[in-house]
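The following blocks contain the structures, represented as structure tokens.
Consider the two complexes below, in which chain A is the common component and chain B and chain C are the respective partners.
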Partner chain A sequence: MKITFPHLGDAYIAVRLLCNEMNVDCIVPPLNTMETLERGSRYSPEEICLPFKLMAGNLMEGIENGADTVVMVSSNGPCRLGEYGELLKSVLDKNGYHADWILLDTVQAIGIRELLKRAGLVWGGKKRSKLKLLGALKGVYKVIHSLERMEKEIHFRCGYEIERGRLKAILYKCKKDICHSDSINDALKIIENYSDKVKEIPLDREKNPVKVVLTGEIFSLIEPFGNQYLEDKLMDMGVSFSKRITIGWWIDTTFVQPLKRARMMSKKNGFLNYCIGGYAKDTVEEVIEAKKNHYDGVIQLLPLGCMPEIVVKSIMPDMAEELDIKILTVVFDEMNGEAGYITRIEAFIDMLQRRKQHVLYGY
Partner chain B sequence: MYYMGIDVGSVSTNVVLLDGCLEVIEEIYLQSKGSPIKSICEGLEKLKGKYDSKQISGVGTTGSGRNIAAAVTGADIIKNEITTHSIAASYMDAEVQTILEIGGQDSKVILLRNGVISDFAMNTVCAAGTGSFLDRQAERLGIAIGELGNMALKSKVPVRIAGRCAVFAETDIIHKQQLGYEKEDLIAGLCYALVRNYLSNLCKGKEIKDKVFFQGGVAANQGIKKAFEDILDKEIIVPEHFKVMGAIGAAILSKEALENERKKTMFKGFNILKGKISTDSFECQDCPNHCEVIRIYSNNTMIGCFSDRCGKYQISDAKSKI
Partner chain C sequence: MFFFLYIIGLVGIKSISTVLNAENVRIKEAVSIKIGIPGGLLYHRYATFINTFINELDIECIFSIETNREILDMGVNSCVNEACLPMKIFHGHAVFLKNQCDLLWIPRIMKCKNSESICPKFCGLPEMVMSGTKRKEGVIDYPLYMDRKREVRHYLKKLSENLGCNENKALRAFKKAVISYGQAEKGIWDKEYPFIIFLAGHPYNIYDKFANMNLIDKLHSYGIGVITEEQVFDNNKEEEIKHLMKRPYWLFYKNNYGAGKYLVRNQKINGIVYISSFSCGIDSITIEMLKNDIGDFPFLILKIDEHTGEAGMNTRIEAFADMLERRRIH
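Our next item is the complex of A and B:
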């Protein structure tokens, strides 16, 4: 049995390590490119969101490369992503891409027993040591979190860098090295090593860079192709930014501490009091947080046709006025040209920069 | 002491020259015709006879072709068109609070408060109501584009035209034409449709405050200006150099940047025109990203490279220092 899975940012790094550790054959589909998107859109419904098309493309490539089982996680049912698994299966089946499907849904949706049963299928009926599995899961969890910790540190330090581009280069080199490592321990060592290097990069602490928060739809935030490599661009521009929604955050809120999230979701915030699906309420709350933490602006990302985020988009003007914070909404679509969106991002950052100077010099 | 601003847009390439007091002394407006490098050279060619390379103390580029223009000329700053348009407008008149800008293929609204941008919007998915569309309609009706505005002013009863989508607007114009409406009324109707489309696409939820500047190539069209005035019920000011405001902003910014950092210009001089400038593009196969890399050469030495995500084709890079 060979498994494959759709891409979601750096998740493939962790999945590959986990499969290696547990001796499961896994086929990592090629990273997202325009070709993936073109292949995926050929068979997808025209008006489905962008992540679906990319995922379909990934799975087609995975199956072509010899995989016979698809493993997918799904969560937060009220948004379309929750039904992706079933729809993808139907779409791929109809077009001659046959595979077995293992859908890992949340405990709330299918119960713990069913989840464990499905997860067990990944081993293909063979007995594996539970202790080893627990160890591997813990290790991978650690890899994800330490990589993200380093990434966050880099994103923040980027604005203060004296020689622009060095931090970004470290990040990419680190990810590349992890891809070539064989075990979880090696990967952890690599991350530790590079984290030390990050601290050595000289910073100019006198600088006062523009600080923004990235928020919005989860796939667009995590998958760099889904946001046309926005993070790279911000790093190149010397912007300090932070983003809360990452794979580690998702694992924590979905599997590790689902109760904490439920409690958070029941809190009212004055702008959007109820969960309307997807991560809409989170987006709203992040704008409020951004204001509290003195960020200069917020960039909201969403793929065309994302219902929850569109609702948030319509709340944004009110939030911008009431909280006095600048918000830019960027919508990504397969038909979009790059030029217009770069102009928008640049203009937004320029605007924040000039406003900052304006306040500083007081004229 | 002259500062040069170059705005390479989708339809036109504009070059301006400002003197030390930031007064416009040269203003060149050229059609890009799909080859920006050629039109940049053409613009510089016109300045070459009158000015010496040493007199140029700063260069700024803007517009969608700003990176190419910067690589060719050696610009000191590269800025997006939203920033440059607002800089130029607030320099011309410090009281400007709203800028309506309609160019060849994109339209923007910029809100300024106390001379600083406070909000902006740019057309995303639709180019209905921009210069290219007007160009096409003028051609179809057999009128020179310069005449369009004046004809619209003659209309007494503007025809209502569906302006949501450029293609359907054309369909609607053809239909109304076949019904026998006057050309003047059709054109005036078109102007109103475009303005309505612009306002509902870009200005929803935005407060349009006086003074309102209308700039970009389409501002030449009196019909559109009148339609804005009627619908917004405000006075619309078309600044003197409305066509080249982006380039003026870029020139101002180049002066500002060079003075702040106390640097000398990187302008390569008018001599670049002597060399042959060529480009090549290829799809890099080194990683799954498959970037379509474009390189610009001047006399067979590379002067610029774009669209490589990892940056390995760039001339100088920081990654070798790790």
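Our next item is the complex of A and C:
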């Protein structure tokens, strides 16, 4: 049995390490490119959101490379993600990409026993040591978190860099090296090495760069192709930014501390008091947090037609007015005319820069 | 003696105070609150229910008019531009009522009968309307979980507090409304036409004559009768969705997919017409699933948005009618 899975940012690094450790055959589909998107959108319904099209492309490539089982996560919210598995199966079957499906649903939908049974199917019926599995899971968790910690550090330091582009180069080199490493321990060592290198890069502490929060729909934030490599562009512009919603955050809120999230969801924040599915409420809270932490602006990302984020977008003008923070909403779809996005983001950053320097006109 | 006087005094004070209180209460009730009910979205389906409920409560109420060009324009101007047509129409109705009522009733439907949901936009509807119409006060916006009895009672309690009427009265009115909704005729099933098609879609697209440009009458004029999903029993729908990997959690996905497959399998219809609003998240999945599962069967998808070009729609309906005719001959 060979498993494959759709891409979600850097998740493939962790999944590959986990599968290596547990001796599971796993085929990582090629990274998202324009070709993936074209293949995916050829067979997908017209009005589905962008993540679906990319995932369909990934799975087609994965199955072509010899995989016979697809592992997907699912949700139970009113957002479309929960129905992805069903529709992907239907679309792929229709076009001749047959595979077995393992749908890892939420505990609320199918119960913990069924979830564990399904997760057990991933091992292909062979008996494996549970201790080893727990160790591997812990290791992978550590890898994800330390990689993200480094990434966050880089995102923050970008604005203070003297020689622009060095931090970005380090990040890419680190990810490349992890992809070639064989075991979790190797990966951890690599990350540690590169983290030290990050600290050695000279910074100009006198600078006062624009600080921005990236928020919005979870897939667009995590998958670089889904947001047209927005993070790279911000790094090139010398903007210091932060992004709370990452894979590590998702794992924490979904599996490690579900109660904490439930408590957070029941809190009222004055703008959107109820959990309406997807990560809409988190987006609203991000904006409030951004104001508290003295950020200059917020960029909200969403794929076209994302239902929960549309609600948030309609509240955004109110929030911008009441909190006195600038918000830019960028909508992504499969038409990737890059120039349009770059112009808007550059204009937004310029506006924030001017606001910072107390220019009294023009914003 | 003094003791008696004391008692009489006490009783007197008490009676006076009760009389005063009663007057207070009467004054409270006399201040009638005018409630505004926008005629968009699910109002089309639950009109009987809402009318009975309001009648029984005996409160002053103002309904918006039927959707027209003006309402649509108001909605488009006040709504976020990524939203779908029914949302924009609902915003239009809300703007229409904005200055005419004390309380604007915007249902926030979180969960339906069997804990299905409708769409995230329904859960965030009050926020969307409040920010779009700039009316922040006097909006009934508490969540409605219809899968739990306690939550419904809680909703009624809050509602009666806001409307200034008795809680038991609200409960009685609710029960009567449920009964009258149960007795009312739901859905359409035309039997006197040579062809019959399954008209699928959300109720607010099917029954809003302005939004769908009088689709049902147009179909009738080509000799095509209509059956809607309300006419298919729930257990038949349940039967059809059993083979799915995951139980659908959207009410209208379940209804349209289940009913469509049931009608096709039992050969009760000649074709399916799916009326869907542009960028509807639920329909994007329902249509594809239905299309993949019914195989070779006449299936027409009509997309509607705020651009009301009628000619394109007429041509497509005509072509569909011709196709049904040819299928019968050959």
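Going forward, the second predicted complex is superposed on the first by the 356 of 363 C-alpha atoms of A that agree within 3 Å, B and C clash if a C-alpha of one lies under 4 Å from a C-alpha of the other, contacts with A are read in each partner's own complex, and residues count from 1 in each chain.
Here is the rule we go by: contacts are C-beta pairs under 8 Å (C-beta built on N, C-alpha and C of every residue); 3 or more make two chains touch, one makes a residue touch a chain.
Because the structure is a prediction, the values reported are computed rather than measured.
Chemist: Once both complexes are superposed via chain A, do chain B and chain C end up clashing or fitting?
Modeler: fit
Chemist: Under the stated touch criterion, which partner chain does A:317 make contact with: chain B (first), chain C (second), both, or neither?
Modeler: So A:317 meets both chain B and chain C here.
Chemist: Should A:331 be classified as contacting the first partner (chain B), the second (chain C), both, or neither?
Modeler: both
Chemist: Looking at the overlay, what does A:209 touch: chain B (first), chain C (second), both, or neither?
Modeler: neither
Chemist: Once the shared chain is lined up, is A:80 touching chain B (first), chain C (second), both, or neither of them?
Modeler: The answer is second: A:80 touches chain C but not chain B.
Chemist: Going by the contact rule stated at the top, is it chain B or chain C that touches a larger number of residues on chain A?
Modeler: C
Chemist: Taking the superposition on A as described, I'd like to know which of chain B and chain C A:170 touches: first, second, both or neither.
Modeler: Only chain B; A:170 stays clear of chain C.
Chemist: In the superposed arrangement, does A:105 touch chain B (first), chain C (second), both or neither?
Modeler: After superposing on A, A:105 lies in contact with chain C but is clear of chain B.
Chemist: By the touch definition at the top of the document, which applies to A:51: first (chain B), second (chain C), both, or neither?
Modeler: Touch partners of A:51: none, neither chain B nor chain C.
Chemist: In the overlay, answer first, second, both or neither for which of chain B and chain C A:354 touches.
Modeler: first
Chemist: Touch test for A:31: chain B only (first), chain C only (second), both, or neither?
Modeler: first
Chemist: If you've got the overlay open, could you tell me the nearest Cα approach between chain B and chain C in whole angstrom?
Modeler: Here the least C-alpha separation of chain B and chain C stands at 7 Å.
Chemist: After overlaying the two complexes on chain A, where does the chain B footprint on chain A coincide with the chain C footprint?
Modeler: 317, 331
Chemist: Spell out the residues on chain B that touch chain A in their complex, using ranges where they run on.
Modeler: 64, 79-83, 106, 114-120, 122, 124-125, 205, 287-290, 309-311, 317-319, 321-322
Chemist: Taking the touch rule as given, give the residues of chain A at its contact with chain B in the complex, in rising order.
Modeler: 30-31, 33-35, 163-166, 169-170, 172-173, 197, 229, 232, 317, 326, 331, 333, 335-336, 339-340, 342-344, 346-347, 350-351, 354-355, 358
Chemist: Inside the complex, what are the residues of chain C that reach chain A?
Modeler: 79-80, 82-83, 108, 110, 117-121, 123-124, 127-128, 131-132, 143, 244-250, 253, 278-285, 287-289, 292-293
Chemist: Considering the complex alone, what residue numbers of chain A touch chain C?
Modeler: Chain A residues touching chain C: 45-49, 74, 76-80, 82-83, 85-87, 89-91, 93-94, 101, 103, 105, 109, 271-272, 274-278, 280, 304-305, 307-308, 310-315, 317-318, 331.
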